[in-house]
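In what comes next, chain A is part of two complexes: it sits with chain B in the first one and with chain C in the second one.
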Partner chain A sequence: MGKEILFVVSRPPYKSENPKLAITHAMACYVADIHIDEEVEPIMAFVADGVLNCIKNQRSEAFYGIISTEQHIKNQLASDMKMFVCKEDLQRLEIKEERLIDGKDMGAEVDLEMVGFEEILKEMERCDQVMFF
Partner chain B sequence: MRLGVFVSDLRGNEKMLDRLKAEKLGVFLVENGIYHAVIKEDGMISPLLQKEGADYYVLTEDLQTRGFTSSEVDSKVSVVTYLDVVDLMMNDYEKLVWL
Partner chain C sequence: MATLSIGLFSSLVGSMNSDFALKLAEAAANKGHTVNLWFSGNATTLARKGQKSFKDYSYLIEKITALPEKGVSVAVCEACAAARGIHKAEVIEGITVHSMDWYVAKAAQSDRVLHIGGE
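And then the complex of A and B:
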């Protein structure tokens, strides 16, 4: 097992670049290891208002002319990236599981995992590095 | 004064909006401001929607971009398009501010 980096997203999508930067940086880990001669394993966690990134049926291509955050998340899931969503924040914002992005649309074998914040804290402790967006 | 207020964030605008007074007040929920119209937090609607006498509008393009539909919008809020917003800005409000 190489170096594990946890990317934590705490802001909603589109208004600021932060959530998408986190997602694209995480994706870049898969190619970065070629250059740094070390395996890098990215993991993502959506917390606080960041869980709003995980709502499905985003139509940014139609209205903003940009690839949706949903598409990026599906791509990561199709690459078997582990992605957590904070259960307490979903409950607080009354977002039900069926409103979340479904990785299986892209043939992914893994899906967004709903976990408690305690679990995410444990991941922060376990991973070699944490990046907060 | 007929005042139109644009809100484009989910957090941090409630106090400022509360202090604004106008004979006619319109609140335009755009970009991440749309979440005020569709998200309940701990079972409560957004405090931003509790300004007495205000008219609320949410931009459908920003709503759909974020995965929501007009059927999920709070009944206090009217769903509008970009063209509607332009009409409202030109016809209904004298001053426009962006929180």
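And then the complex of A and C:
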């Protein structure tokens, strides 16, 4: 069993670099074992305005000329990365589950998991490291 | 003694985050701890050579260059730096250039990880 890092994203997508940095750092965990003798397992949790990263049909290519956060999230789901979305924050922003990114578009076997903040707190306690973005 | 990894995401100008992160890294190193300092996002601008001191702006070059001499591993994110036009040849001596896997590996094996700043 290697180390687990929880990446907590609280900022909205685009014009804030943090969510993309969280995603790219999380993906980098899959090759971290070239530096150390153990595997590093990333887990992501979207909270507060960070849940806005998880809405599907993002059109960043058209408006900003950059790859969408949606595409990155789908790639992560296709890599079987565990990804949580805070249920309370989705409710606060009136975002229904059907508006969330669907990992199955990329053939992913896992999907975004809507969980209560209590569950995310438990992950913070359980993981070896927590990185806030 | 413990290992501390600090991820810094703020630029030189705009907040006191960078000043604080460098002071913290220095203080931890002085106490004998192992310190990894990672410049990512806008913090990569701190690693650029040729910064000039003006009285109206933060000037941290001396603090930054002193850290590797104290044993602090200072590294800059290659992709974040390149996105800002900062390439290896322009990075201050003593600061290494790595991809993110280096940092997450260091962080995974640290006793504490702190992220400071961000946009």
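Just so we're on the same page, the second predicted complex is superposed on the first by the 133 of 133 C-alpha atoms of A that agree within 3 Å, B and C clash if a C-alpha of one lies under 4 Å from a C-alpha of the other, contacts with A are read in each partner's own complex, and residues count from 1 in each chain.
Here, contacts are C-beta pairs under 8 Å (C-beta built on N, C-alpha and C of every residue); 3 or more make two chains touch, one makes a residue touch a chain.
Remember, it's a predicted structure, so these values are computed and weren't measured experimentally.
Asker: Putting chain B and chain C on the same copy of chain A, do they fit or clash?
Answerer: Taken together on chain A, chain C would fit alongside chain B, as the superposition shows.
Asker: For A:Tyr14 in the superposed arrangement: first (chain B), second (chain C), both or neither?
Answerer: first
Asker: See if chain A has more residues touched by chain B or by chain C, and give me that chain.
Answerer: C
Asker: Scan A:Cys29 for contacts with chain B and chain C and give back first, second, both or neither.
Answerer: In the superposition, A:Cys29 touches chain C alone.
Asker: Does chain B (first) or chain C (second) touch A:Arg59, or do both, or does neither?
Answerer: first
Asker: Let me test your reading of the model: by the given contact rule, A:Glu94 touches which partner, first (chain B), second (chain C), both or neither?
Answerer: A:Glu94 sits against chain B, while chain C stays out of touch.
Asker: So if I put the vertex at the Cα centre of chain A, how wide is the angle out to the Cα centres of chain B and chain C? Nearest 10 degrees is fine.
Answerer: One gets 90 degrees for this angle.
Asker: State whether A:Asp49 touches chain B only (first), chain C only (second), both chains, or neither.
Answerer: Only chain B is touched by A:Asp49; chain C is not.
Asker: Could you grab the smallest C-alpha gap between chain B and chain C in the overlay, to the nearest Å?
Answerer: In this superposition, no C-alpha atom of chain B lies closer than 11 Å to one of chain C.
Asker: Can you list the residues of chain A that meet both chain B and chain C?
Answerer: none
Asker: Inside the complex, what are the residues of chain A that reach chain C?
Answerer: 2-3, 5, 11, 16-18, 21, 24-25, 27-29, 31-36, 38, 40, 42, 128-133
Asker: Under the stated contact criterion, what part of chain A meets chain B in this complex?
Answerer: My answer: residues 12-15, 49, 52, 55-60, 62-64, 68, 70, 92-95, 99.
Asker: Would you mind writing out the residues of chain C in touch with chain A in their complex?
Answerer: Going by the criterion above, the answer is residues 7, 9, 40-42, 79-80, 99-110, 113, 115, 118-119.
Asker: Please output the residues of chain B touching chain A within their complex, sorted ascending.
Answerer: 8-11, 31-32, 35, 39-43, 61-62, 64-69
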